[in-house]
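What follows is a structure written as structure tokens; I'll ask about it next.
For clarity, chains are labelled A, B, C and D in written order, and residue numbers in each chain start from 1.
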Amino acid sequence: MKRIGVFTSGGDSPGMNACIRAVVRASIYHGIEVYGIHRGYKGMVKGEIYKMDSHSASNIIQKGGTILRSARSKEFMTPEGRKQAYEQLQQHGIEGLVAIGGDGTFTGANIFYEEYGIPTVGAPGTIDNDLYGTDFTIGYDTAVNTALDAIDKIRDTADSHDRVFFIEVMGRDSGYIAIPCAIGGGAEIVMIPETETSIEYVVDTLRTGWNRSKTSFIVIVAEGDDAGNANEIAAKVQHELPHMDARVTILGHVQRGGSPTAADRMLASQMGVACVEGLLQGRKCEMAGIINRELVYTPFIDTITKDKLINPQFLKLVDILSV
Amino acid sequence: MKRIGVFTSGGDSPGMNACIRAVVRASIYHGIEVYGIHRGYKGMVKGEIYKMDSHSASNIIQKGGTILRSARSKEFMTPEGRKQAYEQLQQHGIEGLVAIGGDGTFTGANIFYEEYGIPTVGAPGTIDNDLYGTDFTIGYDTAVNTALDAIDKIRDTADSHDRVFFIEVMGRDSGYIAIPCAIGGGAEIVMIPETETSIEYVVDTLRTGWNRSKTSFIVIVAEGDDAGNANEIAAKVQHELPHMDARVTILGHVQRGGSPTAADRMLASQMGVACVEGLLQGRKCEMAGIINRELVYTPFIDTITKDKLINPQFLKLVDILSV
Amino acid sequence: MKRIGVFTSGGDSPGMNACIRAVVRASIYHGIEVYGIHRGYKGMVKGEIYKMDSHSASNIIQKGGTILRSARSKEFMTPEGRKQAYEQLQQHGIEGLVAIGGDGTFTGANIFYEEYGIPTVGAPGTIDNDLYGTDFTIGYDTAVNTALDAIDKIRDTADSHDRVFFIEVMGRDSGYIAIPCAIGGGAEIVMIPETETSIEYVVDTLRTGWNRSKTSFIVIVAEGDDAGNANEIAAKVQHELPHMDARVTILGHVQRGGSPTAADRMLASQMGVACVEGLLQGRKCEMAGIINRELVYTPFIDTITKDKLINPQFLKLVDILSV
Amino acid sequence: MKRIGVFTSGGDSPGMNACIRAVVRASIYHGIEVYGIHRGYKGMVKGEIYKMDSHSASNIIQKGGTILRSARSKEFMTPEGRKQAYEQLQQHGIEGLVAIGGDGTFTGANIFYEEYGIPTVGAPGTIDNDLYGTDFTIGYDTAVNTALDAIDKIRDTADSHDRVFFIEVMGRDSGYIAIPCAIGGGAEIVMIPETETSIEYVVDTLRTGWNRSKTSFIVIVAEGDDAGNANEIAAKVQHELPHMDARVTILGHVQRGGSPTAADRMLASQMGVACVEGLLQGRKCEMAGIINRELVYTPFIDTITKDKLINPQFLKLVDILSV
């Protein structure tokens, strides 16, 4: 393998740039050429492909977002689109790909390999952390710290006004972000998609606290919770507890941005190098990851189909700590 | 005057604790006693009044929120409530008050003085900055920096995905927070209550940018804008520009919390000392403030009835900088 | 066991308060009483021992430092001192101890158990991370992020002025802090106690970079490096490369403070609960830790005598990434 | 005037990039061309001059340092060097200059104008704030907040260990940075070049506090204080008070970097526009500034020769607040 391409795909996450940098530097270190593909599969189809050198990756390790940009591509979902993408890669002499993204990205890479034999090694780039094959995904630690920083600020005002705050954090399918936000943010309750949390339980817990003269509360809600979104839950609780002053904050897209934490820069750097070295070892359709501090490669198909479960101890921890 | 009380009232703002600390320390410095009144007028009515010493104000200068807490009080709006408040103060021997809050707080203090002759000197404690009688209010600088920090993060993801972000910042009646967020956040458009901004203008500006191949945009919306809230505005714009990917983030209560900036700690410290010294000089029903770096006292009635206008140059600046 | 004591000892680290909070809450959860011992062994000897309730641990999870304070105690190193400490504990009815600290702390606890039979379970509280028996210590992640934040700022000015910066981070005996600072900070060279790095190597690397028209460099130096401290190293390098503009920054004690990161709050919370539960299980002279995301207890003697080695892959990573 | 050049010179300061951006955008807005001159006068002599467009100033408003870099130039101090610089400007058709820097920068611009008639309008770009002709300089607010953030962290550890910390902040000739650090950082003493502070006073103040059972102290030292640097002062104090545990932290170059605060972005944006508009109005050898929230232009000669005095009220404030 003499020439590879790198791209970011799906929702951006902090540390993607650190990963791109590592891919570029590892390529140079191992004597191969590297091209940046802009806007993910969309740019692959359209041929937005540019040579990168050591300098193109300078001074980006600390930046949020992705300098290669990201996008969804309807064309790549069609056989014609993938054919075009293949021709673009051929034209640039690209023999292997590094994909930084999540399971949607890897699904595309799998199909592409079956059709055209271009191998892809992936890096887990998503803030959600619900990706089988790695303990942590690139951007997760930063997203949690960003959310926690906001929660600390909200607690200042919650305490000052004796209020109940329902804070919605990201996590459409999982509580990976919500759990450390709840434990680290000193929340009384956490509501996540993996477990059922009834409105009755929330109402009872708040009422009990109130009766013990606790006057401010924080409830962390993962956006995909089965009881509804934070606004809906707050409205129901407020209805039951009209004497309390319930407020809602939806943290939203701030959780995707910002300078990556040390842990995310470390992980992203390791993953970038591992992707390049994986391609050079002849790997195809595998994602690099760190499990128990060891580098592992997991077939894309497993990252897509297998579930990564949350440690149930953490839910117990929320209960103990909110005594 | 031998003994004074201090309280915080209305929405909390970062720097209130630094101001409380300065009130306590200045009291000790000038040889008078100081009592903390909890939960504003509510606690005054109920007698939640506690002696403070140098130590009670230790290690709070950097904290968000208010250790004295804040609340709204319906009782204080009634003659009976104020009578009770007066009796509580009498009982504790409190002869003067320092009120840290906004115009609602000062309105109450004015009436209270007329009825019972207890003088109050106020410190401008609100993140909104729309208070006549001071260039800046305590908490404003912190709120703007907090919002800007969030906007920086959102721009990371906006740039990575070619999106239009509508970001709603605080400001029910004014664009004081929105303006520096727009200028400092590199926004293309700012929408504030003080000026009319039509949806047509927004659509035109975005379309023009798009046609010049600009692909990501930030629009800052003050919550009180006449064109609607950020969700409504975004929906209207999205309808006109269906090819763009519009997203909304409402920053909300994070803007109230957090450790105060250097400027807010300085201002809060100066104001706290000025309130105590104002009381000792025999002032009553006046708010301390800084205008052109000089300490001034402004009658409460002026802070309540007069408008503080935004510098129109700043709106032009947004235009120039988004070229 | 009906009543336990908790104390912090040795250098403070961010997350100690989160751990204290977890000890308090877990005690209440499990129906036992908990006393805070101030200033470590010093306060134990002197009897600075106070009952804690749920409220004493409120609103401290986000605070740096330790509300129980820390100190060195010469008295506790003497048999008389330990006798006095034992009598104090007896007097307060304390049957077991939670010690948050490092190997010096655990050495004392071991001796104390042999002499008086008071069991101690420890939590790894040190920013240095060089403690056998846990993947990470409480405060380490925060210290690294604090250092990295400073390094990011220094790189701004290094790049603007074409300078070589020698940045000294904490680590008297190990490169645990230096390594992620180097990888995450985009440094060209890292100098740690575990490996020999000659001045010649530094000079050669910088000269080679310079000749490839690279004009700004960052060298991370662990304070305990064998080649000297950052000032000494910089002077030697400057002597060999007089045309370069070498500067030194010693980060110092800022690395000990600050609000703990999410990872440190999580770890501290888990450790605090594990210490209390460990005591209730009858453990003595063991430290709680997390290895490969599982809770483990390690005898104090092992934490004191065994080495925790740095992953040699990380040094290679610095080389690859600075290509 | 059809074409201007912009450069940064002297020590870099946060907000210089925001100012460059404003210069570029204002030039486009007013229909003139703008060239970036790299490395200040050094690059002007060597002809490191490149055309800038709207895009070259994209996404830099939040960045520390200066994308145009800065340097000292010995050549520009000679008539031959200035001749060469003039020829370079001629060659590029540059008729006016915007200089972002401090008094050294403006001195050079003055001489250059006298010799070659090229007008310069300056923006106050220095963290030190001791520049006559503006209330605040670009970068000052950020530097103070960065220092304060570090001081907050150090106070965590000072409080935990009952220590006296001597913290050295920037300020070779003035206490502008030291003063808000002391007031905002809750310091007991501040030592600045403008006033004499004897070691005896420091020793007395600490001893008095100690005797009132205060056990941790913070002393802020401006680097240019007449009593010596922080290390020297600490050694002398430690000698007199051997029972106290004195520590030193020198904040150093971190104070120059980092993302600019809202206030610095606002100021930098206003200054950049004012420089371009000043040139278009025919100004020469003047610095733009903000005094009492109004835009003013001050002759370079005044900015160089006149002193800007510190408000003596602030020193009294330190005394009152450390009661």
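Rule of thumb we're sticking to: contacts are C-beta pairs under 8 Å (C-beta built on N, C-alpha and C of every residue); 3 or more make two chains touch, one makes a residue touch a chain.
Bear in mind that the values here come from a model prediction, so they are computed numbers and not experimental data.
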Exercise. With one step meaning two chains touch, work out the least steps from chain B to chain C.
Key: 2
Quiz item: Per the centroid of Cα atoms for each chain, what is the distance between chain B and chain D, given in Å?
Solution: 29
Self-check item: Where chain C and chain D are represented by their mean Cα positions, the distance between them in whole Å
Solution: 35
Quiz item: At which residue positions does chain A touch at least two other chains?
Solution: 152, 155, 159
Quiz item: How is the touch graph of the chains shaped: line, ring, star, complete or other?
Solution: ring
Exercise. Would you tell me which residues of chain A are touching chain C in their complex?
Key: 18, 21-22, 25-26, 28-29, 54, 59, 61-62, 135, 141, 144-145, 148, 152, 155, 159, 180-181, 183-186, 259, 261-263, 265-266, 269-270, 273, 292-293, 311, 313, 317, 319-323
Exercise. Over in the complex, which chain A residues touch chain B? Could you list them?
Key: 8, 11-12, 14, 16, 63-66, 69-71, 146, 150, 152-157, 159-162, 165, 247-250, 252-254, 256-258
